[in-house]
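One chain, subunit A, appears in both complexes that follow, with subunit B as partner in the first and subunit C in the second.
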Partner chain A sequence: MKTVSTLLMMICTLIPLKHYGEMPAVHRGMPARNAAMVSIPGGSYRPFLHRKDQPAAVKIHPFSLDVNAVTNGEFLDFVKANPKWARSKISPLFADAGYLKQWTGDFEIGDDKIINSPVTNVSWFAADAYARWKGKRLPTQAEWEYAAAAAPVGMQKGARLTRIILAWYDHPNPVILPPVQSTYKNAYGLYDMHGLIWEWVEDFNSVIIQGNSGTNADSFSCAAGSLGSVNKEDYAAFMRFAFREGLQARYAINGLGFRCARDLNRFD
Partner chain B sequence: MKVVYLNLRKPQGNILRIILLFLIPACISFTACRSNKKAGGSSTDTTAITGEYSPVSTFAPNVPEAKNNAKPKKVIVEIEVVEKVMKLADGVDYTFWTFGGKVPGPFIRVHEGDEVELHLNNNANNKMPHNIDLHAVSGPGGGAEATMTVPGHSSVFRFRALNPGLFVYHCATAPVGMHIANGMYGLILVDPKDGLPYADKEFYLMQGEFYTTGKNGEPGLQPFDMDKAIKEQPEYVVFNGSVGSTTGDNALHAKVGDRVRIYIGNAGPNLVSSFHVIGQIFDKVYVEGGSEINHNVATTLIPAGGGEIVEFICKEPGTFNIVDHSIFRAFNQGALAQLVVTGPADKNIYSGKQADQFYYPPIQDEKKDKPAVEPAAAPEPSFADRFKDGQTLFASNCSSCHQTTGLGLPGSFPPLAKSDFLMSRQDMGIGVVLHGINNEAITVNGKHYQGVMPNLSLTDDQVASILTYVRNSWGNKSPGIKASDVKKVRNQ
Partner chain C sequence: MKTNRILLGLATLTLLSCHKSAVIKSTLCCARDRAAITATTPSPAVGNNSVYQLTGSWTDQHEKQLTLSKLQGHPQIVAMIFTHCAFVCPRVVEKMKAIRDSLPAAVRNQVGGVLVSFDPDRDTPAQLRSYATQRQLDDHWELLKGNSDQVRELSMVLNVKYQKLSGGSFSHTGNIYILDGNGNIVQSVDGLGGSIGSAVSTLNRLASR
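Then we have the complex of A and B:
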């Protein structure tokens, strides 16, 4: 039976891959200077954590977002062009000891298998610097959540995105992080919004800011964590927000990477 | 630290950031010093800490020895959080989130008044942030806020073990129920100032339930099922993290005469436990793990997120099943552990099985059962109707002993077929059915029987029918018996 379930899992993993060929704009496999972006139409986002003195919905202006998370290969280009962000050069104020630990050297990824995998073990400072170098920025938490809420292409009727996300947590991290586009494409054309890595957002620590009123009433721990949430059953969202609560901008973490956003102007 | 977050959110420039980073911790430590001074001389236990040590922490079912420090010490506890696949039941795997790589986590034992410095290390290969809420802590979140830790990081906080007792600890990161449901819990014992009395054996058990997508027993790696968790409908309820963790070869062991103490925790996340050891009576129960001691309890209720200390003396050898007496959980869902006690049996306390005999329904007092007013006699039915009724009545009242063949069982129950005893006198049969036979020796077809037959409390009409049937079956032949014949014998 174990073999059967392993096979099933493999098949499930393969299904999203059939959308692969439909994405000519994506230069999969090759480190690209200009990774493809898609336009995300504006709309409104209902914050998952919400206080009475805040608006119930946040207006999202149209923006564009990277189709893929930034890969090790792409990040290597950045480090080569900006050596002060190399492993041995970076200030401990901007990244902790785990920074790019999956690489074998300052300018060497080492294992070819992870060139097209999302870069992880990058601090918020490093992600932010990469985005600026690209003329982009990190998405806000509201933008990211808004874009990530879109359903996977071909999701079965009645299926729930939360289920799909939670399935990720039911398995330990793989030894070698799979490449980008190894999970699913969502309705906006974004890949791997869930199920591959966690992603930095510009205002990741706004959870703490909200709670910083001198008391611990808004803390996100334990049962009280559900007090401010708009959907007590969105366990996947609880996890993302809890994860962000635990972060500091200098942290470099195994499963944490990023993708970039850009404001849309009328010429886009 | 929140102030630091605030300033890092919108970086104004590297230099300003660096200055802030150094300034703010300085402000915090200044404030901390001031508040320490204020606290000095307050009513809380400020006994000086003398020395420090790292205690031995053990995994279930083992309990570390008590330190019983004369003076409070600093106790340094290190726990690593590990997310890993382990066995939940035979053929069933689960991705557990653990304190220390096992479920439940380590048993932490400190002494009242100790200062505990807790290091929570979140393994870099983990996916999730984690923290720890110890119910032994007096402070916000029980330490949860102080220990929120992302993978690859370590948090440290200190607390004073002010209250003695047995306490649960668990991860309290949102969504908290899922972190507990995945196995993140354990027990911390704060020994009272004078220590707990001696016990020969101490064991660590912790109940918890698991919510899997597959039904109980469905093989393979089973995902967590959020819907079942919210509905509080687990597939597994187990002791010490898996079905069979503490049964068979893994059972607990003690000797006759041992005082056994079990530290039993209930992690929940949802269910309360009706904790019971089959065949033992707890002479002591530290109610809800606190200081109140109850005596002579067989089943004790343990709240979710609570613990209890139970004690008993093993008086008899044998295998003692430990269950949640919400008993379908024990029978169907895995809530079963075992204690094997070896040593001499004491027949004065427990005899074991002494006899296995046939059970006769009690012989009732006929006068008591007799109706106060005799019902008016019904018209006498035909022989054929009597025979038919008698056959039915015989099947329900007589055939279990005399058999449907009327042949009885040799040595126990005499035959009715061609029975000289039955057929010799019409009124003999009536008397026997009416009154039964109370341990009298009888001879049937030349064989002796120690006759024991219950008084069946039948009506005259029923007795007449039965006798009409048995006296005209299996080769017997005689006139039918009338209700009036029976009445005559009854009134003799």
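Then we have the complex of A and C:
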């Protein structure tokens, strides 16, 4: 935690507070041009969907994760450097027709107000390519869920993160997505893990929700274990898993963005 | 998104009320059409929808290195499997063989079979070779292994779902994919149930082009 707070202090010092006046006092941090990362300590994670023939907890190795979701501005840099990922150039194998539809052109975001907002309408392929370009990778589902489970800093005693998340799920998407760091910071120093967008994970296609009938071959498994969820009261996690189950890697969806992760080496 | 959430909410209630394993109709999860990928217009060169745009290098059962684009020129019957799979994969492979065996000899010799392993650790070329022998797969079959990133990427392109389990096996969906000579996914068929008729006629049609 000490490292985390040190990092955050560095971030706060380094970043000019450009639109400071417009931001509520509790959200005064501004997005970094070069996404800062924080180290997430290892631990164990109990998957929401748990097969009865598998261990209840998954070991999470220490890793680092972007403090913010990748913004439109950052993604524009990637597209400029890799024009084959431009809207008019991208192969339909790698993104559907909604790809970057909030932009006005191949290399123009158009609306200045969304430069620092999370980039959405990006396919898994595009998110994966961006992460690799940065020398990073997408977080695994287990890593993301583990990091996102941390409580908001200053959360009121007795409050439950699940409630906060569900209240957000209940709201319609805003027409103009707010900038990163406009919701809350969690105990790891990560912003907006819930409350702003949904995020791609590297292995979203590992979610296989098995029907009881067993006749649907789109959904069977080799080892004959059945699924039972760990915490049936966690509607919020249920919704994320159900959402991931319905995704395909080429989908570009409004409200679905990403952030990047990296392995920690022994020198970190 | 709003409608989806309402549907998801309903699914949640279903789950919570029955106290059984999760039963979610996949159609609830996303408004997108998840129907089988339909035929794309054939193009003379590798088209934009071609799976052969993936550039990774794979190793086959003869220890030969190849990119998927080496499969270009002939229709292919493709599935992702792992050789230690005792139940599902053998049935998927048998179904692929049955599809191929139902083609007239002249067509059959133009159609390849491709098995891509989920399991780079255990499915060495030697293991793939012995699996080919065991399952009587002739020279028209390519059994491929790549690294885990390549496996993930191909699974994303084909829309295969899989998860590595502790103990080294995999939970996975088991569809069979028919690719045209340019690597476009023309049809996806259930690897377990259902008839082979439509896959056979698709391949006959592709061969007559």
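As a working rule, the second predicted complex is superposed on the first by the 216 of 268 C-alpha atoms of A that agree within 3 Å, B and C clash if a C-alpha of one lies under 4 Å from a C-alpha of the other, contacts with A are read in each partner's own complex, and residues count from 1 in each chain.
Rule of thumb we're sticking to: contacts are C-beta pairs under 8 Å (C-beta built on N, C-alpha and C of every residue); 3 or more make two chains touch, one makes a residue touch a chain.
Keep in mind the model is a prediction, meaning the values are calculated, not measured.
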Touching partner for A:191 - first (subunit B), second (subunit C), both, neither: neither
Subunit B versus subunit C as contact partner of A:85, first or second or both or neither: neither
Which of subunit B and subunit C A:54 touches, first, second, both or neither: second
First, second, both or neither for A:167, with subunit B first and subunit C second: first
A:245 touches, of subunit B and subunit C: first, second, both or neither? both
Common interface positions of subunit A, toward subunit B and toward subunit C: 93, 125, 128, 169-170, 172-173, 203, 205-206, 208-209, 211-212, 219-223, 225-226, 235, 238-239, 242-243, 245-249, 251, 254-255
List of subunit B residues in touch with subunit A within their complex: 2-6, 8-9, 11, 17-18, 21, 83-85, 91, 93, 95, 124-129, 131, 133, 140-141, 144-145, 148-153, 172-176, 178, 219-221, 223-224, 226, 230
In the complex, subunit C residues that touch subunit A: 1-2, 4-5, 8-9, 11-12, 15-16, 19-24, 26, 28-30, 32, 34, 48-51, 53, 82, 85-89, 152-153, 155-157, 159-167, 169-175, 190-194
Subunit A residues within the subunit B interface of the complex: 1-2, 4-5, 93, 98, 125, 128, 162-163, 166-173, 203, 205-206, 208-209, 211-212, 216, 219-223, 225-226, 233, 235, 238-239, 241-243, 245-249, 251-256
Complex contact set, residues of subunit A against subunit C: 49, 51, 53-55, 91-94, 124-125, 128, 169-170, 172-173, 202-203, 205-212, 215, 217-229, 232, 235, 238-239, 242-243, 245-249, 251, 254-255
